[in-house]
Amino acid sequence: MTPPVLLDIDGLRVSVGGRPVLRDVSLQVRSGEIAGLVGESGAGKTMAGRAVLGLLPDAARVLSGEIRFDGTDLLSLKARAREALLGRDIALIPQNPMTALNPVARIGTQIVDGLRMHLGLDRNGARARAVELLQAVHLPDPESLLRRFPHELSGGMRQRVLIASAFSCRPRLVIADEPTTALDVTVQKQCLRLIRELQRQHATAVLFVTHDLGVVAKLCDSVAVMHGGRILEFRSGDDIFRAPRHPYTRALLAATPRFDRPGDTLVPVSAEVLARLQEEVDVYDAAH
Amino acid sequence: MFFLKRLLLALPTLFGVAVVVFVLLRVVPGDPIAMMIPPGASQADVQNLRAAYGLDQPIPVQFGRWLSEVARGEFGTSISLREDVMKLVAGRLPATLELCAVAMVVAVILGIAAGVVAVRWKGRWPEWLADGLSGLGLAIPDFLWGLLGILVLGVLWPLLPVSGRIDPRIEFDPGSRFFLLAAVVSGRFDVLAELLRHMVLPALALAIPLAAALARVVKGSLAEAMTQDYVLVARAKGYSRSRVILRVALRNALIPAITLTGVQFTFLVGGTVLVETIFSFPGIGNLAIGAVLQRDLPLIQGLVLVFAVLFIAINLCVDATYVALDPRVRRP
Amino acid sequence: MRVSPKLGFGLGVYLGLVLLAFGAHWIAPHDPLEQDLLNTFAPPAWRDGGTSTFWLGTDSLGRDILSRLIHGSRVAVTVALIAATCAGILGTVLGLCAGYFGGWVDTVVSRIVDVWMAFPPVLLSIVLAAVLGAGLHTVVIAIVVIDWTRFCRVVRAEVMVQKSRDYVTSALTIGLSPWRILTGEVVPNVVPLLITLFTLEMGIAIVVEAVLSFAGLSVANDDATWGSMIQEGRQFVRQAWWLMVAPMVCIVLSVLAANALGDGLRERFDPLLRRERP
């Protein structure tokens, strides 16, 4: 039995300053599942995540398409209604923990604010909940942590704080935008495990944006491969790794180191494949 | 610790000011005695006077003596007002301090508000309005704002008083020269209102250029802060645009804004020289022009040094705000 | 060549001002010092009782305001040109030296600039006025002494940037002397910036002149300057407010024009200045 679709992006086209960045992007995230969105930098992954949040840059325009969250069209939502949804039902784990926390506000304030805004808790209630949340992400001495400023924390600790904050209102969908890219390898693993743990615990759906196929293979129920603002294929994780259809996916797999097959030589994505991708993009753009 | 360091750094500046004042006022104009003696004094009288003032000593000795006098607050007697300079300045300083404090509060509120409005409603008419007003505020100097205020709110629609600090008919014994403070402490809110009414125009005249400068800088640094990751993260937590500006971005934006406008706060104090004159406001600025026109050297010395101390104090206050806003510099 | 509205406004006002200043004797309808005691406080021509003999009315001694304004522009323009030029030359020379030669030259100049900037302009002008006495020379000296740092700082920074660019390095490699490089390569690149600064400085100079003549520290009192006209008008603001407003409008217009001109020039020169940084 497959769980119902929670997030449905359908034919989304976005341009920034007249230049197309998303070309007919369609993908679904099902309740309680993790969907991976894989691609190189500049493929439009982050832009797709920001479109879901309704936080595209000022110069961006949505040309067509729909983003449905649990049946409501996010794109036609008024600002007020969208803001009520963000943080409560849809949350973000950002890419770079070093810049994602407000440097002049205490950790406590940054978590408590959201709790009071969305859950209507009072100051003490929100504080108590914040302590629980920090405990849940295995941060030591949460009480004193609340009084600290971001610059007093390491990168890994900050990312834990951000993860705690993202899960603080028990959202139904979390958008994880390359949440481990900026971290050390050991810390990366811990953070991934943490996200997995919290996701299972709360049955949260996750749109996991990354360029790391290895992470996707371990984590995701379904995978979308993206390039040049297009989704090349979107299938279940097993299918994609066992029988990649698109040549680019095959090339990506060949270019990814695998721990289970350490003897394999890595092959960079060939110029031939890239040329074909560019051709496809040109054909697409000519049609629009 | 931080302030002790800053204070020590300020001492050379103060010393520099003292040297400049000494050199310019004692050495450049030639013989200060020539300006003091009555016409027809004999050569012997002049010699006696020189000896009495120590002017027959070598320059470094003169400087040392002068410095120790200045350090003790002995500036001599004002030539034009025939009063002890220190007493004169001390009696008038509180009025200037109160005026400047009010003006700075007004400037900070107006400036930040204009900067916030310009960013909150970017690309729409409030931004253009804020930009236009800050452009005007920067282009027109403080004394013209003062005169404009007198013209519009004092003469054409006489709503506000345009001269003095308080209506002399009001019975009020402040006990000190800090009228505003005294009125608040003694609970005389009628007097407080009267004092503030007298301050509206001069304080606005002083405040507008600073507010305009602040608005420009706050707008720039706020727009910059709005592009930061933590703003996006806060927006993703459901903060509205206004809320994210006020709760997250503004405080970050104020840190560079304060460094960039620190000097402008001292300009505001410098503005009292003309603005207090225009509004016959009994502060120290009001004394300066008269002193210069009369070449009242003891008074000029006293004023310049008191102003220099004020400027240094303001710089320290600006530093203090900076430290209070930025947790990263609190523990070096 | 297209001229932006800003540039047009600024240029227009400035050219007009210079024209008025140099042609004051021919343009002004009256002698600015000629008193007409039968016609004191005449209102401007468009108000009741105004005559077309005195377009902007007369002051307390019956002198023609328009003529005084026109003659006042002479002082404003003269001071602005001389002071801005001197401040520009002083600041530029020091800035070029500091930026180009670096080392102890740079240290000394930068140190002086820092101390100078910490010294508020008002204090400097008070001390200078006290030392030098009232007069036009005081005004010019005050402006130069206060504002050379503006040029110095900007020029120094710009020279440092230019110096680190490829073309200076290549000029050095082909064996050009430092002096040739300074005059031949660096200066032409700093000039657009200097022109912009110069126009802004003219606006500042006009204000400083107005301030000092308002305070009675500029030229002798019966000579017309905008500042002294404001000072006179202030005393009669209740009878004849236009006495004060007319020179105020002139000052504000000049400053706005200077700012517009500076902004317009900056926009125009920007593509020149914004070559990619190394």
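Letters are used for the chains, namely A, B and C, taken in the order the chains are written, and counting of residues starts over at 1 for each.
By definition in this document, a residue touches a chain if its C-beta (ideal position, glycine included) is under 8 Å from a C-beta of that chain, and two chains touch if they have at least 3 such contacts.
Bear in mind that the values here come from a model prediction, so they are computed numbers and not experimental data.
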Intersection of the contact lists for subunit A and subunit B: none
Most remote chain, CA-based centroid, reference being subunit A: C
Chains most often in contact, by C-beta pairs: B-C
Geometric centre: closest chain by C-alpha means: B
Geometric centre distance via CA averages, subunit B-subunit A, whole Å: 52
Distance between the centres, which are taken as Cα means, of subunit C and subunit A, whole angstrom: 57
Gap in Å, rounded to a whole number, between the CA centres of subunit C and subunit B: 24
Per-residue overlap in subunit C, given as positions that touch at least 2 other chains: none
Residues of subunit C that touch subunit B when the two form their complex: 115, 117-123, 126-131, 133-134, 203, 207, 210-211, 214-217, 230, 234, 237-238, 241, 244-245, 248, 251-252, 255-256, 259
Contact footprint of subunit C on subunit B as seen in their complex: 13, 16-17, 20-21, 24-25, 28-29, 135-136, 138-141, 143-144, 147-148, 150-151, 155-156, 263, 266-267, 269-271, 273-274, 277-278, 288-289, 291-293, 295, 297, 300, 303-304, 307-308, 311, 315
Residues of subunit A that touch subunit B when the two form their complex: 50, 53, 55, 79-80, 83-88, 90-92, 94-96, 99-105, 113-114, 117-118, 149, 151, 162, 165, 175
Subunit A partner contacts - residues on subunit B that touch it in the complex: 228-230, 232-241, 247-248, 251-252, 255, 325-328
